[in-house]
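Quick one: this structure, given as structure tokens, is what I'll be asking you about.
In order of appearance the chains are A, B and C, and numbering begins at 1 in each one.
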């Protein structure tokens, strides 16, 4: 069926417009070719315009008494045959071809929440490749940098961004999230990090605060297992996880990704550092494997380097809690009745109140803070 | 520690076990006074006598049958079938009896027999001295099928076989009987049955093989490395039971699988591995699974070198898998 | 070749030929023959009633089974055929165990895995058989050989039919037995038929016993319906083997009074006249006459014995029928000593999803 747009024809003699006098057909009416559709008045003459097609009148686009220009559409007919008309209607979308993609690529698409049928394939025979999904440089090597966003643009949520949108939404809508914020005195930890810098350099790893914080978080997770759990909605059971796989929220050019540090309890700070570097690098290069983004039991997110005092991070569903670390800044605090300048940081713990309550969360956070503030406890974790 | 080739390793291992286990008996054609046509049982007749190193008349069916009767009585027989190509007269004893005795007797009659047999081509032996028909035996529940590729593994697997409570078909890669030499530890050690060995780690393509082909695959992997293709080579060692987990772990990493065997392609063991990987790791596959095998013809005589997969043919398969 | 006989068909006997057996042994033999006869009749009935799936009767071959196994000791090994439940009985296997095997129930030591009549009982050194009729012969050679080199005072006996002697495996096993001079008795029950194939078309040799000569040891021809002749010949062969004399082939000439199996109709290939002729040579009738003559059995005692036997059979069958079949997971055990992962996976699947 072709939607045939009937435009006011050039009736002749330089007529540029006409007034609709009377419609001779209704919407929904079946008309035959040559049947009169409408009476139009021009400067010169009144004419009856015949239908060019058999078909059904689907839409009448001009009212009686309205003046319309020659060439503007006044009526749409659902015509029987598809013919080459002077102004073809919008073509129906062709049946989608089977998407060519290997099983691994399809799996990646599912993981990313990408509809593979919407991705343009640049592989042989139009096959969708993993690079096509990641929106990274294609195998052919064409590096087309996306144009910077301009007001008025319509940018589809694709790939990593789309996955993030869905994940965040699901988390908020499914869980009962609460955020607890507290501050921690990082002064001792800063000194500890300095102390370990030499050893770190020797091992060729850059020691950030994250491995040290992980070393404080893991024992707390062991003590407060509900923080490292997941709610099986089907059976209504809280599953206390046996592994300590930490999701490390990472900012990449493609968007937010959360690579997973497996078995964080079994690694020392240098191993943690090395692995964090590796995962972050892979994330930014778009080379994370499926194993590396699955299986996290607890997530840590750090916005400190960029900005903000503290935040209310969104739980990485189906986990139960997420810890946000933030900017370390020197602030005056009261210690033993005196004012001292200490390196202070806020910690924000968002958690699912269906599984744990504020008191439990607070105790967990206290423990983390307790360890961070007394790094001898971290040392004993390392040894 | 001594540097031994495979047939020397077989000889030494048999000797050690004969000394250790007074219930062990070796039987087969020409294994006694002649020391075996490949010299695998050299010197054993002199050391242990004709009662324990038995020269049998020419009848493979009775060799295996007799070995079964011995095992049921309590001996540990190690029978030799001179060439895998000659095993067929004994096929009934192997499939109907050996493989099923434990099961059919409710566990009361375990037929722990080891059948050693040289297999494979490359010795200018034509149709009847070159076959690799491990598939017939892998397809028979109740049998254990082993295929070592190195002297060290030969010792470990042969000892494991001789101490196994189950019947074992032990495939000896005769074309590399003497060409491959390495340090074989003198102490007693077993290679676990049912465990594959990662010969070398790699990132791009998984290459699976066993027996004499492992050597060829090693050469192919080296050629691939020159083209910046990193091959992970796996030696199955145990064909039944087999270690699919090692293969899966590798395929999950590389996403590409090539299987190389000199046995004919149709219904070869490569087909089983391929099916298993498709069933269990389909989402990891970045390319179709490629098999490099002997052709579906009888094993040729004059054109033998074209039949057995060469390192170049395997390399082409690796390229094909990696460029899909 | 002369056929060894002690008791003639009419019950008359040559006292010079009588073997050295005590009265209670003779009576025991008779009882056992009776048990097997009644067992055969009863179990065939059960098969026709659908209470067991399959049965092979050995009616008419009771003298072979009882006489052939009687000379064996507890520790001697037997590789029997499907027509030798009597040999199992003589060795000490309880009647219930035979019935359990036929019913493939959970009490069967073979875990109900095998088709009926595939006897195998470890406790009495009876080796589990397959359906391939001659495969066990070389195995029996192996067991005899092992006993020999271990210097154990053990003899092995393997029983098979006339049909099996055509298989290659018969010949290679006999050859090995001759070469290795093993303590093995090859006991051939020539019941004249291999399913529908009469023995005269199974082999061109004058008889089966003569084939032993080709392999370097003695062949003995025996009236297989004369339990004392069978006993005598087997005893001699067992003694010879035990004393290091090597193997013997015994051909016991008998007749298969019933069909090959519960799925066979022998009237398609045998004449009623032939059947009637062989019925006159019935081994139980013959032995009964002998025992009566010797004053070891009265009609009353015989009657009483038959009733006892029948009663016991009924009791055993009733007991066996109560036993449930083995658990479904038994399908997956004993393939190997330890269950490998690939079988465990399949077992789990069956458990989870059902058949």
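Assume contacts are C-beta pairs under 8 Å (C-beta built on N, C-alpha and C of every residue); 3 or more make two chains touch, one makes a residue touch a chain.
Just so you know, these numbers come straight off a predicted model, no measurement behind them.
Novice: By number of C-beta pairs in contact, which chain pair leads?
Specialist: Top-ranked chain pair by contact count is B-C.
Novice: Report the most central chain, judged by the distance from each chain's C-alpha mean to the global C-alpha mean.
Specialist: Chain closest to the assembly's C-alpha mean: B.
Novice: Averaging over Cα atoms per chain, report the distance between subunit A and subunit C in Å.
Specialist: 79
Novice: From the mean C-alpha coordinate of subunit B to that of subunit C, what's the distance rounded to whole Å?
Specialist: Between these chains, centre-to-centre, one finds 40 Å.
Novice: Find the geometric centre of each of subunit A and subunit B from their Cα atoms only, then give the gap between the two centres in Å, rounded to an integer.
Specialist: Those two chain centres are 52 Å apart.
Novice: Flag every residue of subunit C that touches subunit B in the complex, lowest number first.
Specialist: The contact residues of subunit C facing subunit B are 77, 108-111, 113-114, 118, 120, 122, 127-128, 130-132, 135-147, 149-150, 156, 168-169, 172-173, 175-176, 179-180, 333-337, 340-343.
Novice: Note which residues of subunit B are touching subunit A in the complex, please.
Specialist: Residues 252, 255, 282-287, 324.
Novice: Show which residues of subunit A lie in contact with subunit B when the two form their complex.
Specialist: 102-107, 130, 290-291
Novice: Show which residues of subunit B lie in contact with subunit C when the two form their complex.
Specialist: Interface residues on the subunit B side: 25, 51-52, 54, 56-57, 59, 61-62, 64-75, 77, 89, 92-93, 96-97, 100-110, 141-142, 144, 164-166, 194, 241-242, 244.
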